[in-house]
Amino acid sequence: MQADLRAMATRIRPGMRIALPVDYAGVSMAMTRPLIEHGAGDLDLLCVPTGGLQVDQLIGAGLVRGVETSAVSLGEAGGAPRFNQAVKDGAIRLRDATCPAIHAGLMAAQKGSPFMPMRGLIGTDVLRHRDDWRVIDNPFAPGGDPVVLIPAIHPDVAIFHAPMADRFGNVWIGRRRELAAMAYASTEALVTVERIVEHNLLADEMTAAGTLPALYVTAIAAAPRGAWPYGLWGEYGTETDELIRYARAARTEAGFAEYMAQEVPA
Amino acid sequence: MQADLRAMATRIRPGMRIALPVDYAGVSMAMTRPLIEHGAGDLDLLCVPTGGLQVDQLIGAGLVRGVETSAVSLGEAGGAPRFNQAVKDGAIRLRDATCPAIHAGLMAAQKGSPFMPMRGLIGTDVLRHRDDWRVIDNPFAPGGDPVVLIPAIHPDVAIFHAPMADRFGNVWIGRRRELAAMAYASTEALVTVERIVEHNLLADEMTAAGTLPALYVTAIAAAPRGAWPYGLWGEYGTETDELIRYARAARTEAGFAEYMAQEVPA
Amino acid sequence: MTGVLPRETLIFTIARLLEGVRLVAVGAASPIPAAGSMLRRALDEGQRQVRLSVLGSVEHNFFTNGSAELFDSAGQGRLDAFFLGGGQIDGQANVNLVGAGDYPQSSVRWPGSFGSAYLYFTVPRVILFREEHSRRVLVEKVDFISAPGTSPKGVYRPGGPVALLTSKGLFTFDKTRPGFTLDSVHPGHTPAEIAEATGFAYDAPAATPNTPQPGPATLSLLRGRVLTELAETYPAFAADWRRDLAALAA
Amino acid sequence: MTGVLPRETLIFTIARLLEGVRLVAVGAASPIPAAGSMLRRALDEGQRQVRLSVLGSVEHNFFTNGSAELFDSAGQGRLDAFFLGGGQIDGQANVNLVGAGDYPQSSVRWPGSFGSAYLYFTVPRVILFREEHSRRVLVEKVDFISAPGTSPKGVYRPGGPVALLTSKGLFTFDKTRPGFTLDSVHPGHTPAEIAEATGFAYDAPAATPNTPQPGPATLSLLRGRVLTELAETYPAFAADWRRDLAALAA
């Protein structure tokens, strides 16, 4: 395990709220084992806006107190076994959401606003189980018109994987703007990348367009194929067979432990 | 005057609400004279978030009924003469705003939300003169905590200038994301560009990162140096001398008319 | 009508339901809705532009503002049609994507509501698509409402369900009643079989027609251009389809 | 102290006011605040990172999310310091950027409030900077409040004014009173002259000290690295400054 990944993991303290991206946006799978080795627990995970393998593994490792998410699954490989087990056991505090509500909460934090309004949700059991959301009458409508307010979500740390960073701390996130949204809303952002380049990504407008400025980035480490077995857009595809292998293994706690004890291919 | 610019201008109908960008983001000055020649008046201009030469010229040409803006000026060339005169004469309905309030109103439209909350503003005369804004007590605070709600801003048309578009209707806006915000919020977007390229801007992740998809773009025309005398980021600088020349000429109605009658250099 | 595969009937039906759309979005791992949307696009070529976004796909995703842009486009009224499945769907078109049994400790947990609690409200034409047609899926009342089929007066609701398509038949949804009406039965199935497999009450005409089948021109578009386009994103599904076509020809 | 230009005193004062900042933003056409920020950055090098964003500049603007990002960064608590001018500034630190006389038909119209009605509330260290020190600018009461100097209890207000710097002197602002206190007088000016030119009441110590001047090391940093950096964005201002330095040396 790389020393710099291990060092990044030590920034996580018990009880923190951690934002993690959707499987196709750039999951820093390279950070999963360092996080588990570091062992800071009682984490509240925020899935932006859904979770997968990394969330399942952190739950399986016993580090997770709560999950706020619009869904957790392994995609084509089926349900997320450690998550599903934890739900059945009542072992994690679950905050079921819907994708745009998570985006709205992060946007509120990005804007420094206490909340964001959002259409939809009225009459759902998603809303009924969220005592942290509010419904008000739209003050701009003549009467009635209930609208849901989503409070700002302020994660302590965002963790994600991207194609490249420069040595000035800028990270190229391309059109995956949710990675920027996570970083804006979070106090810290820990980023792994395929490669670190020498030239300043902000120096020309073409690369600058897809760049998250260093202002929002706490630490960066190179981790080639760091999203594996997930793919990274524009770089490599998802290895679905490996997801299936995990899904089978992790049906039991013992199978999960055995899987996690295996070395990760470089 | 180019036929395609003239054709784009005919999409504007009297009474429309038109969103125009800040001077450094990409002003389609190339559209100004076609808009004036087309002559659709009673326009409500929305400056995103401030206005300059184009706004001043449309006001001078008598096409403007109202202006919502955080400021109007010619920057280093000083005050905007036709705007300032119209304000003194009470000839336009003025809605003074502050930059993030205009961004908030557009964001509400982008999200399909009826409004966005915004910090600040309490106790300002900006707020006092906006009967279209509301103040509520933050429902997430134990008591008090007034917060301003900005209603969604839905322009009919956004007009701006960008470095390039492809022949599939996608427009490269780089890191000037306010141009995307304008287009998302508006029913139509009319775009002039320095050049139209043959390859699909969405085909590789590097150009895609700064691209506004064709979904939001109604019409595109090539207009080399189309921001002149303003500059276009990454392409050419502002010709301040020309702004000064305009500022002097437009001090009077007659001087404005004389200036506008002159040919624009190609 | 022989010579048409069951999946081709489904794809054609989806294309019919999408008539007139400008922008349709398809969730990840949804080959049949994607194929139906591609067929619609092919049928409308030259007359109107149909845009298609497949979530999670790099190839068929023209969004450039992260995963929020789909929801934003719905909020802007630009997204005309979307598909929803559901672990449970009930007779009021309520959809449950969360789990069976008591919440939160569901006895069976599904992934979660995804964007349904928003898109069902904002997208004018939501097509409920679930191949499994059983009393396990089509229930009297869902255990958890991820998204409700209808909303009371005064609730902002420009969107909602228009139809429910399964492997056995097609229902339309009437939001005023509210409830489903059996619209047609796919070849090889019967109204009685559908009644047996459906856990909720629905209206049905005295004689339920068969689900329309694609004509030769449409079929050739489907097996040519659409199958080729689909294969880029769903190679496994496309290979299956080609295998079935080979068997049909044999 | 001879050998220091008036503008160098202003730049050095701004650098002093910025002690400890992580991110400072400077409006367009603000060479002195920009130079002060660049001097702060140079002084802190190796100890802490000072980031500087000059609005409207391509060179000195590291934002990549359009013109909203500055305001967002303030809302996130990342922006420590900002500068505001004002057509009028009053004794309660209210700022008017809109116009003189009745609103909206102002007798003199200035550009408008820009981001002041937000940034004055959210940026912890707002420095009021206006070179003109006259009763026309520093008034008893502004005609239009673009942004108020203080807010009642209960209003969200992490930010606000800390100082007012003019060509004649430096005031600090006490939000509890609220009001300004004359902190120092620039070389070549006197407390009496300031009293004469100020339209609002303020506190002043019995003996007002002179504004501190940069020492030789700071001066060399200022005339070397800072002047060079500044010239990229403000060539005209830098040329003026160089001319004044040449005259000083002559």
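Each chain carries a letter (A, B, C and D) given by its place in the written order, and its residues are counted from 1.
Here is the rule we use: a residue touches a chain if its C-beta (ideal position, glycine included) is under 8 Å from a C-beta of that chain, and two chains touch if they have at least 3 such contacts.
All values derive from a computational prediction rather than experimental measurement.
Trainee: Quick check: more C-beta contact pairs at B-D or at B-C?
Mentor: Looking at B-D and B-C side by side, B-D shows more C-beta contacts.
Trainee: Measuring from the mean C-alpha position of subunit B to the mean C-alpha position of subunit D, what distance in angstrom results?
Mentor: Subunit B and subunit D have C-alpha centres separated by 29 Å.
Trainee: Measuring from the mean C-alpha position of subunit A to the mean C-alpha position of subunit D, what distance in angstrom results?
Mentor: Inter-chain centre distance comes to 40 Å.
Trainee: Could you work out how far the Cα centre of subunit A sits from that of subunit B, in whole Å?
Mentor: 36
Trainee: By residue number and range, which residues of subunit D touch two or more other chains?
Mentor: 63-65, 71, 75, 122
Trainee: So which bits of subunit B are touching at least two other chains?
Mentor: Expected reply: 100, 107, 111-113, 118-119, 145, 147, 175, 180, 208-211, 233-234.
Trainee: For each chain, which other chains does it touch, given as pairs?
Mentor: All chain pairs meeting the touch criterion are A-B, A-C, A-D, B-C, B-D.
Trainee: Show me the residue ranges of subunit B that touch subunit A in the complex, using the header's touch definition.
Mentor: 100, 104, 107-108, 111-119, 134, 136, 138-141, 145, 147, 149, 151, 163, 172-175, 204-211, 233-234
Trainee: Using the touch definition up top, name the residues of subunit D that touch subunit B in the complex.
Mentor: Listed in rising order, the residues are 28-29, 56, 58, 63-69, 71, 75, 97-99, 103-107, 109-122, 144-148, 151-152, 154-156.
Trainee: Mind listing the subunit D positions that touch subunit A in their complex?
Mentor: 23, 51, 62-65, 71-78, 122
Trainee: Can you check the complex and tell me which residues of subunit A touch subunit D?
Mentor: Touch residues, subunit A against subunit D: 109-113, 170, 180, 184-185, 202, 208-216.
Trainee: Touching residues of subunit B toward subunit D in the complex: what are they?
Mentor: 22-25, 48-50, 69-73, 75-76, 79-80, 83-84, 87-90, 94, 96-101, 103, 107, 118-127, 129, 144-147, 175-181, 233-234
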